[in-house]
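One chain, subunit A, links the two complexes that follow: it is found with subunit B in the first and with subunit C in the second.
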Partner chain A sequence: MADAAFLALAVITIGSAIAALELRSLIYGSIALMGTLGGIAGFFFLLDAPFVALFQLAVYVGSIAVLILFTVMLVKRELIFKKIEDKRRKFAGIGLMLVVMVSLGAVFLDSGIKTITTDEPATDFRDIGTDFVTYYWPALILMGLLLAGSVTGALVLAKREDVENDQRAS
Partner chain B sequence: MTSELVDFTLVSVALLGIGIYGLAVKRNFIRMLFAVEIIINAANLNIVAFGRFLPHSGGQTMALFSIAIAAAEVAVGLSLIIVAYRMYQNVDIADFRSLKG
Partner chain C sequence: MSVIAPNFKLSEFIKSLLDNVFWIIFIVVLIGLPAIMMVLFVIEMPVIDGELLTPFLALTWIADPSRILPIVKAFMATDIFRVMAFPGFGFAALIAAGTIFIERKMLAKLQLRVGPFYCGKLEGILQLMGDGLKLISKEIIIPAKADKPIFWAAPVLFVATAAAFVAFIPVAPGWVVADVEMGLLGVFAVIGFFPIITILSAWSANSKFPFIGGIRALFQMVSFEIPLILSLLGVVMLTGSLNLSEIAASQSSFPWIVFLPVGAIVFFITMLAELERIPFDLPEAESEIVAGWLTELSGMMYGLVQLGTYLKLYAFAGLFVVLFLGGWNGPMIVPPFPAELLEKGIEMGPIVAGPFPGLPLFTQEMLNGTLWFVLKTVGVIFFILLPRGVFPRIRVDMLLNLGWTKLIGLAFINIFIALGLLYAGVLGPGGLQ
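For the complex of A and B:
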């Protein structure tokens, strides 16, 4: 059965996920999203995967959340605090959420995974490192190229041409 | 290690449900990106949990790849938000009319 640390992490993760979507201010919402991402990192620690947990903390909480925060700051002030949604859609969305949760939860509870337990030692992170540079090396290189390409694409997309021309003119 | 696999999957299902709710209800582009992030994290949690209980090191490797690719996706998504905001001065997806087919 679940222990106290698990329950606390579950409450933090799910609570801040709801807060991220429902808080009026987008800035508080993105800080709540940081809570969700940090809670997931805590789950990774519980699952004896410290390498993945630290990667999650570095990539998600460290960079993505800060990136989102800066993007929110670029948006106009009244848009940050404006909630755009209608009531009917909201009730339909809550219904959809409950259907997904109940049906998938029932499937999981009914399946055999309730009985799965393990006494095996956790995977050593040295094995993961070895895997990365032996078996998965083409995927690793491809991932590096993908990251470089996406960052370049993001820079090209976000580039402002009008500012450049203004500066030349003045 | 006292928690079982089913506990982690149930948390993951809850996060997936919240993410789907956010994608269905919110019309703010940035909030929809939050919802996508929550769904990706639910999937990562599931991958690592199953990898721990199988047990197999492939789960953690896959989660690392997934996190890195999600980072790339967020970078592109945020720059799309900035471009769309510059074009329409708004983050309401109902206003992005030229994106409709």
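For the complex of A and C:
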């Protein structure tokens, strides 16, 4: 059962990743990208990490994919992209991809992943939270400051007085 | 005399009905019954309780309440019942349909109009059915230059996403479709899908007004998601759980709105914006951009989007009830199930019906919880509908200003209130709850 789900998710993820790269229509490409990100969320579900999976869905599919879609929709494709396509480039790209994949796979198989046992219970997200506030607290505070900075920046941008438009509401 | 169908005669209508009945009986007797008998001849019937199951016996059992009640009970315990009927789609669609009618009628009363009146004898109560039939029978027109796959898929996806949202809402103790540990996070993830579907639908119509409406919807939903999520963090901090059933159960003595009124207000306002209700109905502004992102949708596609919108409204109201108003908690007002029905049955003069041993299909707690949940949800839906009769639409810049500066600030204040309550020992371990 888990194997079938894993295979289906793998096909969805890789297939839509290829589609995201190859499709001529930018909108369909970004929809395919959403499929890839959703497939990765599915992998997290399979790994008993629903917390990460749901954040993957909420942040990547729900926000980042929306931003990409939005940007793509406001773009006139013909103005940016010139179609450069010839056989040599294509084969060079495929060859490069194969080399990268084979070397990554070799590293991966060499890393001792085969000897890992998977019987250990899934980590509770509360344990991750406890780790964050004890062992990793500097990183947490750094992240908090970063996020607070970005939220403050967004607030400042929203509050900015636009000189050209004096009809804005206070 | 109806103007729409001038040649309508009741006698002919009844005659056509009788005609249909005659032909159905005719075909069933001549073709249906022999076919069933032939099939039964081939199939080996099972032996139950030492008796061979014949069609006659099966019909007897169906008519016998003591035989059929366990089957009904077993069916009600299945996932299909939960998804399709009670806490899931059917229940939500019923409330959504009621909401549409109440909205039209209440809005009319607020504005000193009559509202739906002619369809159905009593106050136009059949108007909704008429509208539904009209939407189903209308032609679906697809714009010539639309992107057809996305255009077709968007309404269906919208309803599906709204139904997924409904699945997370617990109605009574144990009565929820998806009782997941991360219920609230699941809700956030599902809410994140609505802007995608909206903007895709708007873009695929390849028309001006839908696109403007879709861009507005995207702005509005994405920017109001942030205060929405932040305003709920206070409840999560006080409860220490993301499971919606546990959050509802934790409010047995006080609803969280008592301690976190700021969060409740922020959540309510963001809810209005996410639902595109007046005063935040910029994506569908009728007076500016025809019908916003719904302009090119016609027939049942529009009907599906409307159904999804009202399912979403129910789900948001239910979420508000679960998070802030105590969910199903309330004093027990449902009377206990009469015990003599189980032992003696109903005696009406010479006739005795029953007894019905397996009868209480729902427990008293479940009925009481559902009653309180529905009462509170209807109240919240009323307050969601109310601004439509009162407020004008606000401008885009005012909307974004409100979302990005005021609501986010208030949501942070709410988080600090929750933290203060927790650290002061008012709530949490050793506190009130």
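By definition in this document, the second predicted complex is superposed on the first by the 122 of 170 C-alpha atoms of A that agree within 3 Å, B and C clash if a C-alpha of one lies under 4 Å from a C-alpha of the other, contacts with A are read in each partner's own complex, and residues count from 1 in each chain.
Assume a residue touches a chain if its C-beta (ideal position, glycine included) is under 8 Å from a C-beta of that chain, and two chains touch if they have at least 3 such contacts.
Not measured: the values here are computed from a predicted model.
*Asks:* Based on the superposed arrangement, let me know which partner A:L21 touches: subunit B (first), subunit C (second), both, or neither?
*Replies:* In the superposition, A:L21 contacts subunit B only.
*Asks:* Tell me the contact category for A:T123 with respect to subunit B and subunit C: first, second, both or neither.
*Replies:* In the superposition, A:T123 touches subunit B alone.
*Asks:* In the overlay, answer first, second, both or neither for which of subunit B and subunit C A:R88 touches.
*Replies:* Touch status of A:R88: no partner.
*Asks:* Using the superposition on chain A described above, determine whether A:L57 touches subunit B (first), subunit C (second), both, or neither.
*Replies:* After superposition on chain A, A:L57 lies in contact with subunit C alone.
*Asks:* In this superposition, which partner touches a larger number of subunit A residues, subunit B or subunit C?
*Replies:* B
*Asks:* Which partner chains sit in contact with A:V100 here, subunit B, subunit C, both or neither? Use first/second/both/neither.
*Replies:* First partner only, subunit B.
*Asks:* Scan A:M73 for contacts with subunit B and subunit C and give back first, second, both or neither.
*Replies:* In the superposed model, A:M73 contacts subunit C only, not subunit B.
*Asks:* Between subunit B (first) and subunit C (second), which does A:M34 come into contact with in this model arrangement: first, second, both, or neither?
*Replies:* Second partner only.
*Asks:* Jot down the residues of subunit A that show up as touching in both complexes, subunit B in one and subunit C in the other.
*Replies:* Residues 51, 55, 63, 151, 154-155, 158 of subunit A touch both subunit B and subunit C.
*Asks:* For subunit C, which residues count as touching subunit A in their complex?
*Replies:* Those residues of subunit C that touch subunit A are 147, 150, 180-182, 185-186, 188-189, 191-193, 195-196, 199-200, 203, 211, 215, 218, 222, 225, 395, 397-398, 400-401, 404-405, 408-409.
*Asks:* Provide the residue numbers of subunit A that touch subunit B in the complex, in ascending order.
*Replies:* 1-3, 6, 10, 13-14, 17-18, 20-21, 26, 29-30, 33, 36-37, 40, 43-44, 46-49, 51-52, 55-56, 59-60, 63-64, 67-68, 71-72, 74-76, 79, 83-85, 89-90, 92-94, 96-98, 100-101, 104-105, 108-109, 113-114, 116-118, 120, 122-123, 125, 127-128, 131-132, 136, 139, 143, 146-147, 149-151, 153-155, 157-158, 160
*Asks:* Within their complex, state which residues of subunit A touch subunit C.
*Replies:* 27, 31, 34, 50-51, 54-55, 57-58, 61-63, 65-66, 69-70, 73, 151, 154-155, 158-159, 168-169
*Asks:* Can you name the residues of subunit B that touch subunit A in the complex?
*Replies:* Where subunit B meets subunit A, its residues are 1-11, 13-22, 24-28, 30-31, 33-35, 37-38, 41, 44-45, 48-49, 51-58, 60-61, 63-65, 67-76, 78-83, 85-86, 89-92, 94.
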